[in-house]
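Some structures are shown below for you to check.
First chain A sits with chain B, and in the next complex the same chain sits with chain C.
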Partner chain A sequence: MSAFFEAVGNVAFAAQILRVATPILLAALGATIASQAGCLNMGLEGIMLFAALTGVYVSSMTQNASWGAWAGLLAALAVGALLGALLAYLVLHLKTDATLAGVAINVIGSNATVFLMYVWTGSPGTSASQKSYVLPTVSIPVIRDIPVVGTVFSGQNVVTYMAFALVAALAFFLYRTPLGLRIRGVGLNPGAADSVGINVVGVKYLAYVLSGVLAAMGGAFMSMGYVSWFARDMTAGRGFIALAAQAMGRSTPVGSMLSSIFFGFTMALSNSMQSLSIPFELIEAMPYACTILALSAYAYQQTRKKKQSSGG
Partner chain B sequence: MHHDLSGQSAGNEALNPSAQQQRDPHRGPAGKGGGLGAPRDINSRFELIRMLVAILIGIAITALVIFAVSDTPLESLRYMFIGPATTPRYFFNVLELMLPLVFTGVAISLCFSAQQFNLTAEGIFFFGGMVAAVAAITTKLPDGLHPFFCILLAGLAGGVIGAIPGLLKYRWNASELVISLMLNYVCFSVSMYVIKNHFRDKDAGAIVSYLFEKTAVLDKVVAKYRLTTGGVVLAAAVCLLAYLFMYKTRWGFSVRAAGANMNFTRYTGLNVAFAVIGSQVLSGVVAGMGGAVEMLSMFTRFQWAALTGYGWDGVIVAIFARNNPRHVPLAALFLAYLRIGADIMMRRTGVQMEIVKVIQAIMIVLLVAESFLAKTRHRMVVREATRESIVAEEVA
Partner chain C sequence: MEEILRVEHLTKVYENGILANDNVSISVNRGEIHAICGENGAGKSTLMKVLFGLEQPEQGDIFVKGEPVRIQSPSAAIKLGIGMVHQHFMLVDRLTVAENVVLGNEPRRGILIDREAACRVTEELGRKYNLEVDPTALVADISVGLKQRVEIIKALLRGAEILILDEPTAVLTSQETRELFEELRHLRDAGHTILFISHKLDEVKALCNRVTIMRGGRTLGTYELEGLSKSDISRMMVGRDVVLKIEKEPASPGAVELSVRGVEYWSELGKKMIDGVSFDVRRGEILCIAGVEGNGQRELVELITGLRSGGAGSAKLRGTELLGRPIRAARKLGMAHIPSDRMVYGVASSQSVKFNILAGKVEDARYTGKLLFRDRAIDRDMEALARAYTVKCTSADQTVGMLSGGNIQKVVVAREMSQEATLLVADQPTRGIDVGAAEFIRRRIVEMRDAGVAILLITADLNEALELSDSIVILHGGKVVAYFADTRALTEEEMGYYMLGVKSQTPEEVEGAVHAS
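What follows is the complex of A and B.
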């Protein structure tokens, strides 16, 4: 047990939680906005992979160390928006089942990125042979000098700060702006929203596109912050974890953030506890098992609430 | 009201009457179920046309991409589409790949028929492989019996795991989709834990288990190839039994009816919960058996290091088969043929085989997109109706 606290009490560990949570948080925010509009974005994983490859490719093509990574990020976000729109088109116009359309996007993302990477680099495994650039880390002037806090909150990648800022931004957008209100209205009751003149399909399109952009930012972080290359299937299920984080966070930005941090915690734990006597695989399974428990507990509580309100 | 995943499908439909009207009651999940009766003739003819168009479009895109990236496009295309049929070895490769796809295809069909997006087949396939491997290492049984004991054990384990999302959905309305995705990772990690910590052969370089008992390995059809007689027989039996269950029994009818319209089925007094959870348990059994058959056919020790992806492929197979176990073998054969063709193309001409999975996903989208070719469908219905009215007039 003391070894556990040694691993967890470490300051670097706390910093790592934020780093590991970043891509999950961004994708979970993407899932959140889609869900608020009554849509399911099952394609987060594929969108993240496309964005990760796009970011590396564009930043590498610019051959520019000062703004190359930013160009890569922008291109990745654009690809995310396009894929979000594609998913919206499939679901809203072609009436494809949202789950299956998402599965298709994931299959395409997982395989097309490998195919394109091979065409580009000649390697089917990683893009490490090509020089690409990473997004900068930010050292915050005053905070970095405070002993523990500085190590945790300063010196993170710029995308990590953006991700947490986006939690506040998205909360404000959803609950305090007319457009956010419309999105939630469409999610709650599309018929009613339609009857007061809201363009339901348009709003859902917007939600899918924004969802794609947010997931893409998470994907770009993977290849231009977390590491500095693209690798086959490098998101490793983070798009699915993000869906769980959104469901656990009850589709609110703050809830999604908390559950993403929880996932970050367990994943960082599995990284740093490999030296301990607890088998790595069991720690690795923990975040997923915890999700199942948390989701079940939440669903249980909801059902009981419903029963009580209908019974009493 | 929060729009979490669990409440979504039910909530949206209840709130949006137009969505309900658009859903054709004669079709199962994903809009493509076998249908419960009524205007089957036009529907099935239309589905066939739509499938052919989707496949043609997929092949056309493949050809275009190959022309764009290959130095020897014609040669690449030849390897891709004719390659698997050129030598017995390649053809046996196709059949070997077809087997796991049949198992996961049937498994996913069972869930999708009940409109349950339970994707645990991916994890259960892996877990079943592990269970079979452990049983093959630790137990001693006579030759003919041993593999089937291992497969049975894996099937039982699969059934138990398959029940989890089903029960949670039924009892508390938890999203079976998210739960099953998480379960896949748990299955993977737990399996790896068992193999690595209890059955790892430390003399072998990589992380692999001890060798299976010789009696536990399934017998080959032809000594040179890895296709096993037991595997073929079991796959055929699973398809047949699943088909009979879905289309010839009262339970199966309840499952499909529940998939088409849950509330209606509830009012008819059919035991929906039993049927829906039962279909997911059976799905787990089939997926677990599939993993075991794959393990005891293709390997002599456990050597998987990552999830196999066959569960996701099962989704593709199920959609091509329109969730009907009867069509699963053909769909699995088609998929396996394309994959092996792409593999041959990659090894001979260097065009990455991932392209074929992209194409399969595109075909899937075309198949499940209800509005794709909707006008053609409309024309077919009108033509048929006109013909019938003419006939009716003549009779009168």
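What follows is the complex of A and C.
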């Protein structure tokens, strides 16, 4: 037990939470904007994988240590936007079931990325044989010198800072701008939005594209944040955990952030506990078990609330 | 008088072939409250949808302020100064009043929404037109009357000079209705033009300047309301163009099968929809519940058949209470039900004809053994039923959803009439189906009556009400306003007076619907 507290109680663990939460948070923000417009983006996982591979590939192709990683990130975001648009086309024009379309993108993402990586590197496991670049970490002056706080909040990857800044940006966008109001209007009552001349399909397209871009940033972080390679299925279900985080966060940016941090905590915990003598598989399963528990608790509370309001 | 809107020779045919507007012409003056009156299905709503760009006409011309226009979308209508207050509000419950008002036309300050300006315009319009409502309140938290105000403010903000209100009082309490009328008069005096769709003649008389009457998709004419009595309007609205003839012997009613006593029901919005309704249905008679849509018959039949819960009073089938009991119990007691919405309650459209007819008989030992279906018996009997009810299908295994409306309805009828029921509730049994299928179903209903089944018929079709039923109960405003023991003595004009609230019988006459048993 003391080993457990040693693993959890130190400052590095807190820093790790933010790092691990980053890709979940970005994908959860993607799920949030889609959900605010009344859309379901089930394809987050697949989009993250495509983005992760694209980022590594483009950054490797540049052969440039100073801006190669940035080029990779931009390319990843562009791929995310395209996949978001593809999903929107499938759902809004071809009237495919949103869940099935998303699952299709996930399955394609899981397999096509391996195929493309194999074509590129000759290896079906990782792209580590090809030199690629990582996005920089940021050391914040003043804060880095404060004990504890400095260790946690300074020296994180630039994408981590971007992710948390995007929480505020997205909240601002949704609640303070005309377009944000239209997105919420479309999500809450498309008929009402339509009756005042809002292009409902256009707004939903936009939401899917932005959702794809946010998920792609999370994917790029996976392959270019701390490592400089792509590995098959490296997102390991984070796209689905992000959906859980969005649902638990009631589709609000801040709520999604809080639940992403919670999931980050459970994943960081499972990382730290691998040094303990608990079976590896059990620890690996922990974040996912926590997802189920958290979702059940949330659903229980929601149904009880519904019962109370309808009973009274 | 300056003309602001004119429609000439407008025709609208829906995809399913229904001729909803047939050579419709209307002229509306600036600054008047112009009523459009007509029965259910007279084409009022279709005309309004065309004017607001929600439907495109096949033929005809529309002129706004003398200019010929084509109105291809609601945005086009809004640009022409036409605003619509929908019967079902187009509001986002989780947004504030001000946000709803400006949605799509947001005032900006830089890249932000100017929230203060949104509240300000809402308040200013409210003050100017006597439509005050708290701009910061959530729409979910305000009353129905206030929601309607928000809809009117929305239309005004978008520059509406012509306001279309589609049965605006259907959801309002009488206090709210009075307030709405004050607001509308105020708007008229400020120069706005109001198209008021209604079949409540009291309201039309109290509020409007002129009335255009529609019947069977056509306009009969426009009249000054001054000097026009409610019975004049009623006579023009209600009328049969083709008289339906159904051959049947006079009924010889037996014992009371269904007895309904003092049923009351309040809508979710707190409006009293059914107000102390009592009547009996006897064996061997077809009793029709007639009324203009929205006068409680829908709620009443749903309560009796168990589709709706709540309410007070009692409905007993041979002495056993039905209200608040499961549908299964009522069916076991001998109730069969042809529901008004066949696609929702009538059939499982992805299943076969065979299984749709079988539903409700699955517990029958003829069709279900200890563990498995008796396929041969099912095939034989369901096939025979489908034939007996002339369901046009390639085989009884065909999916119901593939059939035409009339044949789907025959599947429902085949199931319900083969139920060995003692009470048949037939809710709009022939609505929207072809003449042949309708005739077939009506004949079967008469046969069931002759076999001693008690039949409760609910219909919006005046022809059907007058020709198929033996006796009639008329509902108006949730109350029984008339009972006619013998339909043969009743004319459509007379019926119209009661349905539209021009006349009502004395309590003693209405008591006739309750038989001593």
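As a convention for this text, the second predicted complex is superposed on the first by the 303 of 312 C-alpha atoms of A that agree within 3 Å, B and C clash if a C-alpha of one lies under 4 Å from a C-alpha of the other, contacts with A are read in each partner's own complex, and residues count from 1 in each chain.
The criterion applied here is as follows: a residue touches a chain if its C-beta (ideal position, glycine included) is under 8 Å from a C-beta of that chain, and two chains touch if they have at least 3 such contacts.
Everything numeric here is computed off the predicted structure, so don't read it as measured data.
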Partner chain(s) touched by A:Phe240 [first = chain B, second = chain C, both, neither]: first
Which of chain B and chain C A:Tyr300 touches, first, second, both or neither: first
Partner chain in contact with A:Val119 - chain B first, chain C second, else both or neither: first
First (chain B), second (chain C), both or neither touched by A:Gly185: second
Which superposed partner A:Ile198 touches (first chain B, second chain C, both, neither): second
First (chain B), second (chain C), both or neither touched by A:Leu40: first
Which superposed partner A:Val11 touches (first chain B, second chain C, both, neither): neither
Partner chain(s) touched by A:Ala104 [first = chain B, second = chain C, both, neither]: first
Between chain B and chain C, more extensive residue contact with chain A: B
Where chain A meets both chain C and chain B, residue numbers: 188-189, 191
Chain A-touching residues of chain B, taken from the complex the two chains share: 1-6, 8, 11-12, 15-18, 22, 29-31, 69, 117, 164, 168, 171-175, 177-179, 181-183, 185-186, 189-190, 192-193, 196-197, 312, 315-316, 319, 352, 354-355, 357-358, 360-362, 364-365, 368-372
Complex contacts: residues of chain C adjacent to chain A: 73-75, 78, 84, 86, 89-95, 99-100, 102-106, 108, 111-113, 154, 158
Chain B contact footprint on chain A (complex, rising order): 35-36, 38, 40, 42, 90, 93-97, 99-101, 103-105, 107-108, 110-112, 114-115, 118-119, 124, 187-191, 237, 240, 243-244, 246-247, 250-252, 279, 281-282, 284-285, 288-289, 291-292, 295-296, 298-300, 302-303
Touch list for chain A against partner chain C, complex: 176-178, 181-182, 184-185, 188-189, 191-198
